[in-house]
Structure formats: structure tokens, C-alpha cells
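First chain written, first letter: the chains are A, B and C, and each begins at residue 1.
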Amino acid sequence: MVSNQFFVNKGPFPLKKIVSLIKCNTDPVKIVSVNISDIKNLYSAKKNDITFLNSNKYKENSLKTKATACVTLPNFSNLLPKRCIKLYPNNVLFAATQISKLFYPKADIDYPDQNLTNNKNLKKKYPKVFFGENVLIGKNVLIGKNSFVGSNTIIESNVKIGQGCFIGSFVVIKNSIIFDEVLIQDGSKIGVKGFGFIPSPKKNIRTPHIGRVILYNGVEIGANCTIDRGSLSDTIIGENSFLDNQVHLAHNVKIGKNCMIAGQVGFAGSSTLGDNVVIGGQVGISGHLKIGNNVKIGGGSGVVNDLPDNSQVMGYPAIPLRAFVKFRKKI
Amino acid sequence: MVSNQFFVNKGPFPLKKIVSLIKCNTDPVKIVSVNISDIKNLYSAKKNDITFLNSNKYKENSLKTKATACVTLPNFSNLLPKRCIKLYPNNVLFAATQISKLFYPKADIDYPDQNLTNNKNLKKKYPKVFFGENVLIGKNVLIGKNSFVGSNTIIESNVKIGQGCFIGSFVVIKNSIIFDEVLIQDGSKIGVKGFGFIPSPKKNIRTPHIGRVILYNGVEIGANCTIDRGSLSDTIIGENSFLDNQVHLAHNVKIGKNCMIAGQVGFAGSSTLGDNVVIGGQVGISGHLKIGNNVKIGGGSGVVNDLPDNSQVMGYPAIPLRAFVKFRKKI
Amino acid sequence: MVSNQFFVNKGPFPLKKIVSLIKCNTDPVKIVSVNISDIKNLYSAKKNDITFLNSNKYKENSLKTKATACVTLPNFSNLLPKRCIKLYPNNVLFAATQISKLFYPKADIDYPDQNLTNNKNLKKKYPKVFFGENVLIGKNVLIGKNSFVGSNTIIESNVKIGQGCFIGSFVVIKNSIIFDEVLIQDGSKIGVKGFGFIPSPKKNIRTPHIGRVILYNGVEIGANCTIDRGSLSDTIIGENSFLDNQVHLAHNVKIGKNCMIAGQVGFAGSSTLGDNVVIGGQVGISGHLKIGNNVKIGGGSGVVNDLPDNSQVMGYPAIPLRAFVKFRKKI
């Protein structure tokens, strides 16, 4: 059994079982004896893992994937290595969700942690940590020395928090790895399930979220923010990046180092940001975008395209700053 | 005495008392012996209720209202049945607020529930419900079997929650009816008083909020959302509709079935949405709009007009998607 | 020792020490014997205080400042009184932050209040206040009669709350002075550290936030709002101004009387608003702006310029309403 820190992997499963679950046709010779250990994204999948490919935006990773099998569309088959077994279901994302639920049946909902305790032994167990009142801590939680945990905060099982961190009040941290000197202000929710599901009348089918949130050294998260954990990959904020209040990060977003993200900014899922990016207040970033290094995005902008390194943009939709200024003068 | 589940109705009151409270002139013959039981909206008012009409947008309901009396403007009198007694105060909304406060003097502020208990008998009282730590539950709360209530969550008196629901941590639920298999993520506040008042220098006059929040089967509410209860009608989310994090619903908003509403979307008061509507992140919906079925609204849009079934719009203000794409090319 | 209510002032310090800390050159005769008591903004600085000036927008206050010394740029020296000792470091804001940290070493992070208690003596200590369950109160907290404090709420040391206030659940109040009849709804965080720092690769340098939040009589704050305290001055909301849910106020924002601010509005730092201002939902207000009295700002607008009294604007960026309507017709 392979397992990650937060969700129990019920695998391995025979590929045959998966093929029949997602109802697709494949060369039966190939699948007869293969066992699948886990479902991963293209990049992190290893031998005996299954992955999925639903867009030609990920060519770079897909051609190099080490996955043994991949759920995809027939016309993407040439974006995958020859040795990779291709499965062609009717709906790639639905099939990926079905497989993910097979391996991780408890990751599609935030089941409450049943191991939280608020006992007087916290001080004994974590002698170098300061705790406020009514703190609830799960099992196997590590907290580094000189860290502060504010009153009424919940840290769920298996979370790791580094040294010199400041966690405010009314914070929830779950499914997360937090490095040193991270500051999280009051009311933020870190590691919650993202907004991922296969729409279906009567009852949507929720995507398991087995990814984590990773906050590197020196990250700051403002008050009342929401940081969703990843679905198959992780949600990541790089070293020394600061987020203001009421920022929303959807699943799988990756933010580089030294970024400054002002209040009420929202990220849709799976976008990546380079280093030293500055984002003004209330900006919206669409999903699956690649924003380069040293990019500056003016307040209120709506970014719907990839942005190369050093771009400066503004507007809704965001355009180069010069074009925006020119356009504005015309009005 | 007529009463709703959450607020005590102090009526009935003689219509004469109401007329003198709101300082308006009416044919004295008509009002002499009438008693008024309750204040309701045009649609739900019955015989012996009073209602109000302040716009010609509601013709359909106003002509059919069963209310015995209606606070309105003289030039809307022909939008009401003949037998309905019309009252013409100086300011319709102010008068409606005065009457509402007469019937429901405790609904203009969220008075803290004085019946919350966090006793060890929760397990005994609700043997088939899972409770986290420090859960506070009011009087007469019903919770269906196989539901989960996360740590530190508050469920106020008279709330009803169905079976198989998942309520996260730091959630407040008040003045709400929640059906089966509803999921509410951490930090959301459901059923709070809306943003309604008669502006007045020195001291605004708050509108009583006697409506409820109703979440039908399978609804999902993301983290740190705010769902205001209705003022005179209810705030409603239909079956299988999903809201992402940090969504804000103002009072009386009605959302249909199978809708998908992305992060940080905001609704002003009293707008209605059809079924199968998809709304991108950070969209704003103005008040009192009627959005049809199967509508798609692009991320960041500001919707200021009614939208017919099957529309696709984007922009600020939102225009048909084709026009938006064309306009964008011009820039 | 000079001190404010919430942060201990470690001064006075010899000006000589400050000059050497921020590494700047100054006429040594002048500084030899001067002691500096505190760091304040241009307006509130008194004799023996130090202040800073980094923009020519504040001429009005800078020429009248009573500060003994000022950190500034050489070309702003004529905007300051002759008797004021000018210090010219390489980076004015960095130097101001260094000095602020010298006087107030504990104000750059929200250190958890170590004096919170949840004892059964609350009723004895505040016999005329209603408390919900699990309320945590710090030292020297004053709460006026007939005020309500909802369950699970935290009020940190030295906070003052007036009479007849309603504080909801899951609220944090710190570094704040709250007058009478103020209403704060569930989940709002009042007085948190703002988003202020000197960007620096590897480790940003946080600006101390020694200002307060001041909410005057009759203010209403909706649910899940975030109100940052000031850095050097205060964050202020005037009498009878109402904020809807999920509003974000950055440090030093000043709002006048009788304002109405709808849901999800965001203010960047240090902007000021006059009286009777009406702001629609999701509006963004840039930093350091001056918005006049009786201004109306349409929903979704992005305000990037000062606005004179009685303006009506809409758009992104916001332009006069008439121009916006004309422009919209062209599309």
C-alpha cells in the first residue's frame, strides 16, 4: 500500500478493474497483469501509477511522464510516451475522478478530524510552543519551537508547522506542510477541499482532493483568506511571498518567491506564478495560466492569458499597461 | 398570534394602529374594524396580512396578491386588486420597515442566541450525528442522521438540518432550513441579517429580517462565504447548486438547481437565478435582477440587467459574449 | 516613557542613535543633544517626535508639522518647517520602518494576547453585559452596559467597547476603540495588522502597526469583514456608517459619517472618505486617495483618482457617471 500523509490510499488495484470501472476499451493483452499503485499528475507519476491528460497545454510534462497508464483522448495519444497504456473513456475528467475516488474514497469531502484534542497536556507535548486558549490539535502534528498558535485555532492531524511561525485565531490548517517563520492571520482557512466536481444533474460528483497546501519559509497569509489544497498536485506558496486579507487561492495554484498579492485577489485553479510578481487588489486570475517572473498586475485586473516574464498589465481583460493607458485616454 | 419558526410575531394589530404608526391618510370607513395578522411579501401574503409595493417590476404578483392591505404609492394603486386597502405613506420602504418592526421587534439585529449549550449530552440527544469539539447547539435544533458538525461550530435555535450533511468548523447557522446532503465548508456564516436599512442621518433605521435561508438537497457552500437571510421572503439555494469560497449572497436572493458559482462572486439583494447557471469568479450581480436558466456569465463580469434563458455574457457591464469578444479585439 | 494603549513605546532615544540606525548624514551640531520621544505621522507629531515625508501630496500637513525631526528626501525639504531637522536616508520608508521598530519592537506581528481568560467571573466583572459561550476577554477591557458579545468571540487586552453594542460570534477585536451602539456581525476581524512591509528578497521587513481601529457611534460592520489597524495613524469609521459583508479596509483608511458601503468592497491603504458616501458592491478604492462628501460610486468600479464632493462615478477605472453611460452606449 502506498499512502500520502493525509489520505489513505486503498490501492494497488489491477488495471483491469480500473478499465472496467471507467468503462473504456483497451487492448486486453496489455492490461491483463498490470497493477496500478496510485493516481498522480503527469509530472509526479512514477512506474505503476496512472495519470490523465485532457489538454494539449501540458505537452512538456506529458511526453516525459513515467506513468504506466494514462486516461486521455485518442487525439492526444501522440503526446504520451509509446510505452504508456492509453485508456479512452467517454469523459476524461469523470474517469479520472472515478479512479481517484477508487484509490482515495475519503478525500472528496472534508471529513472532520476525529482526533482533535484540547487537553491540558499541550504544553507538555509542545514545551517550546505558545498556545492560546481552546486550541484543538490532531494526531501526529509537528510544531517547531518558538511558534505561536492563537486561541480557538484548529490544526488537524498530520499537519507539520515549522519554527517561529505565528498562527492567528480562528484559523483552520489541514492537509498542509508549513515551513519556518510563516505568519497566518486570524480567520484564514488553509488546506480546505477545492471547488472541483463533475457537473451532473441531481448530484454533482466531487473530485477527491488528495493534494496538500505547502507554505514555504517566511510566507504571510492575511486575515480571512481561503487556500484550497490541491486535487492531484499541491497548492504551493514560495518563500517570502505575502498575501493580504481575503485572498482566495483555488486548488493546485503555485506561487513563486517574493510575490506580493494585495487584498481580495482571487485565483482560479491550477495557475502558476513566477517569482517577484506584484498583484494589486481585487485582481482575478483565470485557471491554468502561466504567469512569468517579475510580472506586475494592476489592481482590479482580470487576467485571462499567460503572461511572459517582466510584463506589466492592467485592465479587464488585462492588456499591456501602455495599451491600457492609451485606451483609457480615448474614453 | 401568528409566528414563524425563528421570530415571534407580536401581532395581530388593528389596521387603525398601523395607519397611525406610518402617518398616512386612508378612507376611515374601510379600516375601522380590520385586524392585521402579519406582514408578508406580495406573493406569500394571505387574507388579513399587510404587504408593500414600491416598484412596477412586480406586477405579476401584485395583481394577484391576497393581502388585505398594501403600503404603496398612489400611482401603483392600479397594480393591486380593488379589494386591497391601499395605504399611501410618505416613504413606502420606511413605512414597511416601521410595520415590520411593530410585528417583529427583535429581527432587525442578530440578537445572540441565549439557549446555546455545549454539554456532554449532545451525543445522547443526537446519537446518529458526529460532533467535533466545542460545538454549540441551540434549542429545538433538528439534525438528521449521518450528519457531521465540525468543531467550534454554532447552530442556533430552531434550525433544521437534514441527513448526511457535512458542516465544517467555525460555521454559524441561524434562521435556516437545511435539507439533506448539504456541505458547508469552514468559516461560512449562514442566515445572518442582511444589509437593509432606511438611511437616516445620525441613526439609520434597520429593516427587520424575518426571512430564512433555505438550502435544498445537495447544496455545497465553500469556505468563508456569507449568506444573508431574507428580509420578508427567504434566501434560497436550489438542489445540487455549488458555491465556491468567499461567495456573498445578500437577502432574498434565489438560486435555482444545478448552478455553479465560482469564488468571490457577490449578489446584491433580491435577484433570482434560474437552473443550470454557471458564474465565473468575482462576478457581481446587481439587485432585483432576473437571470434565466442555462445562463453562462464570464469571470469578473458585472451584471446589471435581466438575462433571458441561455444567454452567455461577459464584461463590465456584462454584454453578450460575442459583442464582448468583438469589443475586446478593437482595443 | 510615552506609550499608547496597545503598544509599549521603548523610547525616548537620542536622535544620534536614530541617525546612526538609519545610516544618514546630518549636520552633527543639530543632533548632538536631542532626544526623540516617539514616531508619529506629520499631523499628530509633537515637539520631540520624529515623523516622515515621502510624497508631495501632504504639503498641507507637512508645512505645519510640529515634529522635531523628519525623515525625508532632499527635494521635499522645503515642504517642512525650517526648525524641523531633516534626515535623508537612502530609502525613506525603510528608515521610517527601522525607527518605528526601534520604538515599538512588538507591533510588526500580531503577537497573541497572553492575557485572555474565559472564566466564570465574566458575569461578575461585567454585570450589565450579555456574554455568549466561550468568550475570551483580555486585560483592562472595558465594555459598556447593555452590550452583547457573541459566542466564541475574542476581545483582546485594552480594547474599549461602548454601550449598547452587538458583537457577533467568531469576531476578533484588538487594538480598537469602539463607541456606542456599534454592531459587528459574525466572523469579522477588527484591528489586525495591515499589509505593510519593505520588500526585500529572502525576507521582507514588516512595518510596525501601532495605529488603532476607531469605530464611532452606530457603525455597522457586516459578516467576515477585515478591518486592519493603522500603521502610524488610525483606521477610522465615522458615526452611523454601515459596511456590508466581506468588506476589506486596509491600514489608515478613514471613512466619514453616514456612509453606505456594500458587500465585498476593498480599500487600499490610507484613503479617506467624506460623509454620506454611497459605494456599490465589489468596488475597489486605490491607496492614498481623497474621496469627498456625498460621492456615489457605482458597483464594480475601480477608483484610482481623488473625487471631489458630490461626484457620481462608475467604471474601471471610474469616470463620471455620464461619461460612463455614454461610453457604454458606444459598445
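Following the convention adopted for this analysis, contacts are C-beta pairs under 8 Å (C-beta built on N, C-alpha and C of every residue); 3 or more make two chains touch, one makes a residue touch a chain.
Note that the coordinates shown come from a computational prediction; the quantities given were computed from them, not determined experimentally.
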Looking at which chains touch, is this a line, ring, star, complete or other? complete
Under the over-half criterion for shared residue numbers, do copies chain B and chain C use the same patch or different patches to meet? different
Since chain A and chain C are copies of the same chain sequence, what is the angle of the rotation superposing the Cα atoms of one on the other, rounded to the nearest 5°? 120
Find the geometric centre of each of chain B and chain C from their Cα atoms only, then give the gap between the two centres in Å, rounded to an integer. 34
Chain B, residues touching no fewer than two other chains: 134, 152, 170, 187, 224, 246, 264, 282, 316
Residue numbers of chain C touching chain B in their complex, please. 130, 132-134, 148-152, 166, 168-170, 183, 185-187, 218, 220, 222-224, 239-240, 242, 244-246, 257-258, 260, 262-264, 276, 280-282, 299-300, 315-316, 328, 331
Hey, which residues of chain B end up touching chain C in the complex? 109-114, 116-118, 134, 136, 152, 154, 170, 172, 187, 189, 192-193, 195, 197, 199, 201-204, 224, 226, 228, 246, 248, 250, 264, 266, 268, 282, 284, 286, 302, 304, 316-317, 319, 323, 327
